[in-house]
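Which chain is which? They are A, B and C, in the order written, and residues in each are numbered from 1.
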Amino acid sequence: MTIYNFYVFDRNGTCLYYVDWNRRKQSGMSADEEYKLMYGMIFSIKSFVNRISPTDVKDGFMSFKTSQYKLHFFESLSGLKFIMNTDLNVGNIRDNLKQIYSTIYVEYVVKNPNCELDKQITSDLFRTKLDDYIKGLPFFAAKVS
Amino acid sequence: MSRQSARGTDIRKVNGELFTLTYGALVSQLMKDYENDEEVNKQLEKMGYNIGVRLIEDFLARANSNRCNDFRETADIISKVAFKMYLGITPVISNWSPSGDEFSLLIENNPLIDFVELPEGHSSLNYSNILTGVLKGALEMVQMDVDVKFVQDQLKGDNLTELRLKFIKRLEDAIPAGED
Amino acid sequence: MGIFSVYIVNKAGGLIYQYDHNSQRTEIEKTFSYPLELVLKTFDEKVMVAFGERDGIKVGHTVLSINGIPAEGKYLQDRRDILEVLNDETNYPINIKFGRAKLTANEKLMLASMFHSLFAIGCQLSPEQRSSGIELLETDTFKLHCFQTMTGIKFMVITDPKQTAVDIFLKKLYEVYSDFALKNPFYSLDMPIRCELFDNNLQLAIEQAERLGVSNI
């Protein structure tokens, strides 16, 4: 199993953080364009799900799979969006994304008065804590040939 | 590491009086700096707003509540969970407007005003105005545009402190550039 | 339960077939006095609850009828503007029926082409080589399974999250499509499918899949 990459967006569509570990394909566009496309896709999926759902939605969109990867999505009530791409064998990891939000983002960004909430996260503390957390996950494998 | 393990089982408590005194020092300094009650109110609200937009994330991370789809639910959570968690009090919810978009929080034992006597000539100062900012900032982050103001203040001789919250509108997520 | 609906989308993103199976939608009727305790807004040309919940009426429900007069978009059938009617105190007490609106044919077309582009973006943003587009989309209320043939036709099936064996159903659907649409000499490629035999066989396949999906649980 493996984790490819991870995005955090605020509710204005700003990409607050991006990091990748075992990514094997680039999207062929600049990072900014890729963030915009990712946010746009998530935004459209949410609206698509709300409309096409046969019954009232609560959490709404949770994940999707293609033939090669699985995208996991968690949104806090304040509109922060956490997106993680993994391989197909990873199950439901909403709780992990929630944990990144509540024990890493809230602790090391929200409570750090030097971090502006609507700007890219540059805090080293946040970066190391996140990296430690991800690398400690059972479904994180450093190198798969 | 110590910061992370502190979550949830946090037993370090700040002395309440230290908190009250700190807030008092802040307000009195603002009054010296601005010499104008309206301006002080504004500054307090601004500070509160900045606290609110951060505090809400802490609240959501801890309280594990669901999205409110009704203002009555919001009122309950503000009073019974949020005020309880951060100020140790549970304001009474009352005076609902007929259309259910406005209510009051009645506070009898506002911890911010212990030891406070307003000096003469400051009748338009809302000493605890930081609360309005905190509420506004926090609610805005959960997509609610709400107007918050003081209606009664114990410091001005009223029997209790009353905060009035009015629901204005639901805020939507930003639409990505180039889409409708 | 089981399978909610089936969409078939051609390679240009056009919807060529759509079928709703078991659509039971909740409807709630209630008499209100002035003022209305719900915040309404217009969304997608419908009047929708934006905030406030009462007696099973939920955020996202639309106004279906007022005093028995059905709604058509933002207006009632008698051409009165719904929001104006609801803002006028003299119209109260008033009886309003709320519910999740049925998708109109136009909205279905729009959603199909929306998914068509999402499918492509999902492929473009892949962190791994040679990825397909979105094949399975999971939400708390439904799952969307999508199967794209080598020729670019997409079969989309919306199911209950617990429905199993949808892969088999998708293959079956492809067979039905090639047997009763493609092999029909009067069917023109990429155009909407209007064949009775196709309808009947699709119906059979759905029933079979639901039996299979249930027995597997």
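Rule of thumb we're sticking to: a residue touches a chain if its C-beta (ideal position, glycine included) is under 8 Å from a C-beta of that chain, and two chains touch if they have at least 3 such contacts.
On a predicted model such as this, the values are computed, not experimentally measured, just so you know.
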| item | value |
| --- | --- |
| Which of A-B and B-C has more C-beta pairs touching across its chains | A-B |
| Chain closest to the middle, measuring from C-alpha centroids that were averaged per chain | A |
| Chain centre separation in whole Å, for subunit C relative to subunit A (CA means) | 28 |
| Distance between chain centroids, defined by C-alpha means - subunit A, subunit B (Å) | 31 |
| Chain centre separation (subunit B, subunit C; CA means) in Å | 42 |
| Shared interface positions of subunit C, touching two or more other chains | 58 |
| Subunit A residues counted as touching two or more neighbouring chains | 40, 44, 58 |
| Interfacial residue positions of subunit C with respect to subunit A in the complex | 4-5, 23, 25-26, 44, 58, 60-61, 100, 103, 107, 111, 114-115, 117-118, 121-142, 144, 158 |
| Subunit A-facing residues of subunit B, complex | 3-4, 7, 53-54, 56-58, 60-62, 65-67, 141-143, 173-179 |
| Subunit B residues touching subunit C - in the complex, by the definition given at the top | 69-71, 73, 98-101, 167, 169-170 |
| Residue ranges of subunit A in contact with subunit C within the complex | 4-5, 20, 22-25, 27-28, 34, 37-38, 40-41, 44-45, 48-69, 71, 85, 87 |
| Residue ranges of subunit A touching subunit B (in the complex, touch as defined) | 11-13, 36, 39-40, 43-44, 46, 58, 76-80, 101-103, 105-107, 110-111, 117, 129 |
